[in-house]
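Heads up, the next two complexes both have subunit A, just with different partners, subunit B and then subunit C.
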Partner chain A sequence: MIADLNLIWPEIILAVGAMVTLMIGVYLGDRRVALYQISTMVTLAAAIAAVATIFGTEATAFSGTVAVDNFGNFAKILIYAASLVCIVIAPRFFEKGMKAEYPVLVVLAALGMGIMVSSRDMMTLYIGLELNSLAAYVLASFMRNDDRSSEAGLKYFVLGALASGMLLYGISLLYGFSGSTQFNEIAAALASDVSRGELFGLIFVLAGLAFKISAVPFHMWTPDVYEGAPTPVTAFFASAPKVAAMALMTRVAIDAMGPALGAWQQIVIFLALASIILGAVGAIGQKNIKRLLAYSSINNVGFMLIGLAAGTQAGVEAILTYLVVYLVTTLGAFLVVLQLTDKDGNRVESIPALAGLSSSRPGLAAAMAVFLFSLAGIPPLFGFWPKYLVFEAAVAADLVPLAVAGIVASVIGAYYYIAVIKTMYFDDKSDVQITGQGTLIDNAMLAASAVWLCVIGYLFIPVLGTVSTSAASVLF
Partner chain B sequence: MIQIFAFYIFATVCIASAAMVIFSRNPVHSVMWLILAFFNAAGLMLLCGAEFIAMLLIIVYVGAVAVLFLFVVMMLDIDFAELRAGFVRYLPLGALVAIILVAELVFALGAWNAGAIDMAARAAPIATDMTNIEQIGAQIFTRYVFLFEASGMILLVAMIGAIVLTNRQRAGVRRQVIADQVRRRPEEATRLVDQPVGQGVEL
Partner chain C sequence: MGILSLMLAIPAIAAILCIFSGDRLARFVALGATLVNFALGLVMWRGFEVNGAQWQFVERADLFGRFQYALGIDGMALMLILLTAFLMPLCILASWQAIQKRVGLYMGMFLLMEAIVIGVFAAQDLILFYIFFEAALIPMYFIIGIWGGDNRKYAAFKFFLYTLLGSVLMLIAMIVMINTAGTSDITALLNYDFPTNMQFWLWLAFFASLAVKMPMFPVHTWLPDAHVQAPTAGSMILAGVLLKMGSYGFIRFMMPMFPDASADLMWVVFILSMIAVVYTSLIALVQNDMKKLIAYSSVAHMAIVTAGLFAFNQQGLEGALVIMLSHGVVSAALFFCVGVIYDRLHTREISRYGGLAINMPAYAVFFLLFTMASIGLPGTSGFVGEFLSLLGIYEASSFVALICATGIILGAAYMLYLYRRVVFGDLTKDDVKAMTDLNAREWAIMVPLAAVALWMGIYPESFLAPMRDDVAFVVERLADAKPAGDAQLAAPAVIAGVAQ
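Coming up: the complex of A and B.
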């Protein structure tokens, strides 16, 4: 038992840190927001350190319900780091509306995501997912006096509950037909023969998970929720939970359903293609920058799914590299969106209002251009590299038509990214003057991520390669 | 034999009443059908040999549904006089449902005495020398202790969420401050007045 506890230090730290912060919050009230912010940041940093110390161990804990391995650890570091950033950027947005519960809920969501990516049992998967989702529903409607925020929370809750229902139904079918909820035993049952019941279970589980990564056709909630939720929360939704759900889907597909590759490969190919195409086409008419980024995330998830469709170690490595680059780019883009305020302090979210940003805030416009080009995967920027890896993996797995379709759709996708850049640089100045300034930390993070994507990123290719190989090899 | 028969009765009635939950126009009827569905699901659990879960289903769900029922009645504008109007007309239907329930009870008891239904092979065999409750307890606190604790965190999040979304500071609300109440001395709270006859008391 003690040996098992030693393996879940990150989870213990997060749970205790969240509860301690909550207790301090109960006694000191909502005025000491900076204190809660710091304590939760320390908690997350400690959890990252704890993950780093157990990096490399490969073990199962608690009778095989939890897996501690490099795959989970890799994803956990990304998740905790993204959550940390989302706590740092929050107070300036909420100003008076900031409460002790915001950082606590983010930490609890991070705890749930950590459980998700280290699950080795369908029940662990479900509990981690619900812990994350429940915190996410509350965060989405955190500004409860704002109609759009409440609407986002309610929509997310109703559709999320539906997805959880589908997932549970699939899990119960898989359990019923394979006789176990543990991934390795489900894989053993699938290895001999995929019965019809197991096939149905597998489809429902994939559908439930596709909802969580907002892959088409389960994406409908994404633009509305991203638009309505407070911007720091949207940044959070677009970063950490995406990593967690994508890693979880990869683990379930490879670890639990690996032997049934033939059964789920076509489903994943469909999800990938539909997401890429709809993500690209749907974004074209958008006038709101947050909705545009929502479609961009749908589009990017499609590219990641190409790596999963390959079903090979190279494919999984490509997904992990993709997640790192996607995380940096998305958080950077949302850091820019957070700074878009006019002189009265009102939030500016409409794309036409960005016209003339290149003259009023040249640095901000340049950073946004870097992020958008990187999301589009234009070669000199680092966003190109993971896309290349994904396509390479797909070609190596004999999925040439899929790779070709993906490349064509990514050209369509480039259109709307470039349209935004055109608005910022070449359109006549809009009436809205964007004057918002970021704090020193905000600007430092913004500059760091933009520079990393421009040039420095390529220096990290060997490191990223080694780490993602060690993480992906666990599943094979 | 009787188990198979009981299984099909329970399964059919369960699915039929679940469909009626959706199709009936009156929300009160929906709730009633839901209760019937839960009873039948409990019967199915009984057939699997999971008597503890069967009891739990009835106690927790039917209890919860009773509360839900109260909410429905309070929130929707339902004319109860109209509902009662067709009592005699619907008596045969009500009697039919009652008869079905009684028949199910008899079958359930019969099937229960005849032993649990044969199920597909499980990965882990069930211990026969323990009762359901002992088994669930032993599993939750040993094998699934991590999941059990993580479920606790989910409940914590639910609690925080409910407070964040609904607790608001209203003006003019007098909260109970226990420290103030304890600090209060008799001198502040009471006074002796020499009240003149024929005049009102001034507080």
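Coming up: the complex of A and C.
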């Protein structure tokens, strides 16, 4: 038991840190938000350090319901780092509306995600997922006086509950037909033969998880929630939970359903292509930058699913590299969105209002252009590299038609990314004057991510390769 | 750091400097950097050993793990890099006064473009090549979109998406190649024999990409739009260098790597080239817009290049390469000629001009020289390339040669017609009368262009010698697959009888 606790101490740190911060918050109220911010940041940083110390261990804990391995650790580092960034960027957005609960909820969500990515049992999976989701519902409606924010929270909650229901139904079917909730035992049951009940269970589980990664056709909530939620929360939704859900889905697909590859491969292929195409086409008419980024995340998830569809170690490595690059790009793009305010301090989210940004705020426009070109996967920006890896994995797994379809659809996606760049660079100045300034830390993060995505990132390919190989090899 | 890395680094660093510096400084930084790069190019030319190793100035570093930072050039790449380095300072000079808004960004984009294009020609790793190849879209997108004409946004979009759609298919083909051959090293892939049925698909995917870049009929429609809207220097670099990336891809990848497919599908290239030569020449004949006319003439010239390449013999390939170089210089010069009078009258409409020979004699002389070079008058660069490639094409197929030759006649027609309308005739319009002859800066651009056009026409051996071995290598790779030429068979019996 104690040995088991040693393996999950990053999560223990998070749980304790969140509770302590919450209790201090009860006594000191919302005046000391800076304190809570710092204490949660320290908590997350400590958790990252804790993960780093157990990097390389490969063990199971709590009677095989929790797996501690490099795959989970890799995802955890990304999740906790992204959560940390989302706490750093929050105060400037909320200003006086900043509450003690915001950082605490982010940490709790991170804790849920940590459990998700290290689950080795359907029940652990579900607990982690719900912990994350419940925190996320509250975060989405965090600005409770704002109609859009409340609406986003409600929408997220109702559809999220539906997805959880589907997931649970799938789990129950899998349990009923295979006799276990543990991944390895489900895999063993599937290895001999996939019964009809198991097939149904498998499909429902995948559908529930597809909802969490917002893959088409389970994506409807994404644009609305992204648009309505406060921008730091949107940045959070677009980053950490994406990593967690993607990693979880990968683990479930490979670890629990690996032997039934033939059964789920076509489902994942469909999800991938539908996400890429709809993520691209749906974005074309968007006038709101947050909605656009929502569609962009749907689109990018589609590309990651190509890696999953390959069902090979190379495919999983590609997903992990993709997640790293996606995280940096998305957080960078939201850092830009956070700075978009007019001279009265109102948030600017409309894309036409960005016209002429390149002359009023050249640095900001350049950074945004880098992020958008990178999301489009145009080399020499680093966003090209994970797309390349994904397609390479697909080709190596003899899925050339999928690769061709995916890459042709990516051209549609390029259209709306470069349309935003057109607005910023080619159009005449709009009436809205963007005056928002970032803090030093915001700008430093912005510059660092933009520079990394310009050619510097390529120098990290060996490192990314080694780490993602060590993480992916766990599943095979 | 080798000379090739230096040629990549200098413009890249200068580009960053330009973007962050003021307008005046940016111009000088850009000019300085491009001149230094040209000097380095000349040093490289001097150091290049003709008949030496196939790949020279090789640099390899294992920076990226999955693929190599591998640079190296053969004679073809050397010539194309020289062309790039030669045109770039001229482009900077050509935009000295024409560009007044956001000069720093403009110069930065041009310098980035130079680094990227040199990278395309020097890359020895497939992935590295692709990164450079597609990266060229970004600066060009900005150059057309920010500093272009009235319809610049549409043209920039069309340029970007058209060329992107082509290149992504090539990426999949490259992944398949890497996956099959187990290496992304271009020098190794050049000697790898892909299975014949796979070659077919790979060839088509590459063709989809490179045909758009060339551009070949029927995917050439982005070019007139892009050219018309781009600023003068943008058109110069687009016609002078970017189009050459397409034909470079043909001769570097498609022909030596997929010889069987090239031979099987040569008729596709021939048919499209024949259509393009005649069709775009006829379109050029009826244009009212000078830039559009020259853009269509580019498509026609590139069609002769593709036909020459797919003749699969020494003359055809050498001729195609010379046209590529010659067209690089001459079309850039012609676009500059348009730019000179556009700067004065702000219109590209041919009918607004007339009688320029009277008040702009020096301009008229240069324009005439480049017109003649474009037509292919003996003594100019155009003649050498067209003669050689037609000779090669004739050997492969007399019918194709016949059609391509009509393109040259039509070329003479539209270019002379253009020249007559712009330069000859009476000087009646008042605003045209007020136009002044070339200034010192314009002389400084015209003279080197004219000198190279004549040099290439009078002594092409300087340019052909370094490429001869590379052409021989490609011909050798194609030797087994190459179909027999029909020149003897197709020549009418009467002529054959007379010849005997």
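Going forward, the second predicted complex is superposed on the first by the 476 of 476 C-alpha atoms of A that agree within 3 Å, B and C clash if a C-alpha of one lies under 4 Å from a C-alpha of the other, contacts with A are read in each partner's own complex, and residues count from 1 in each chain.
Following the convention adopted for this analysis, a residue touches a chain if its C-beta (ideal position, glycine included) is under 8 Å from a C-beta of that chain, and two chains touch if they have at least 3 such contacts.
This is a predicted model, so every value here is computed, not measured.
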### Task
Could you say whether A:L105 touches subunit B, subunit C, both of them, or neither, answering first, second, both or neither?
first
### Message
After the superposition on A, what does A:S141 contact: first (subunit B), second (subunit C), both or neither?
### Response
first
### Message
Contacts for A:L131 in the overlay, against subunit B (first) and subunit C (second): which applies, first, second, both or neither?
### Response
first
### Query
Of subunit B and subunit C, which one touches more residues of subunit A?
B
### Task
Could you say whether A:I461 touches subunit B, subunit C, both of them, or neither, answering first, second, both or neither?
second
### Query
Intersection of subunit A residues contacting subunit B with those contacting subunit C?
none
### Residues of subunit A that touch subunit B when the two form their complex
4, 8, 15, 19, 22, 61-63, 65-66, 99, 101, 104-105, 108, 111-112, 115, 121, 123-124, 127-128, 130-131, 134-135, 137-138, 141-142, 144, 153, 176-180, 182, 185
### subunit C contact footprint on subunit A (complex, rising order)
359, 373, 378-380, 384, 388, 391-392, 395-396, 400, 403-404, 407-408, 410-411, 414-415, 418-419, 421-422, 425-427, 458-459, 461-462, 465
### Query
Which of the residues in subunit B come into contact with subunit A in the complex?
120-124, 142-147, 150-151, 153-154, 156-158, 160-161, 163-165
### Summary
Given the complex, residues on subunit C that touch subunit A span 63-66, 102, 116, 127, 130-132, 134-135, 137-138, 141-142, 145-146, 152-153, 156-157, 160-161, 164-165, 168-169, 171-172, 175-176, 178-179
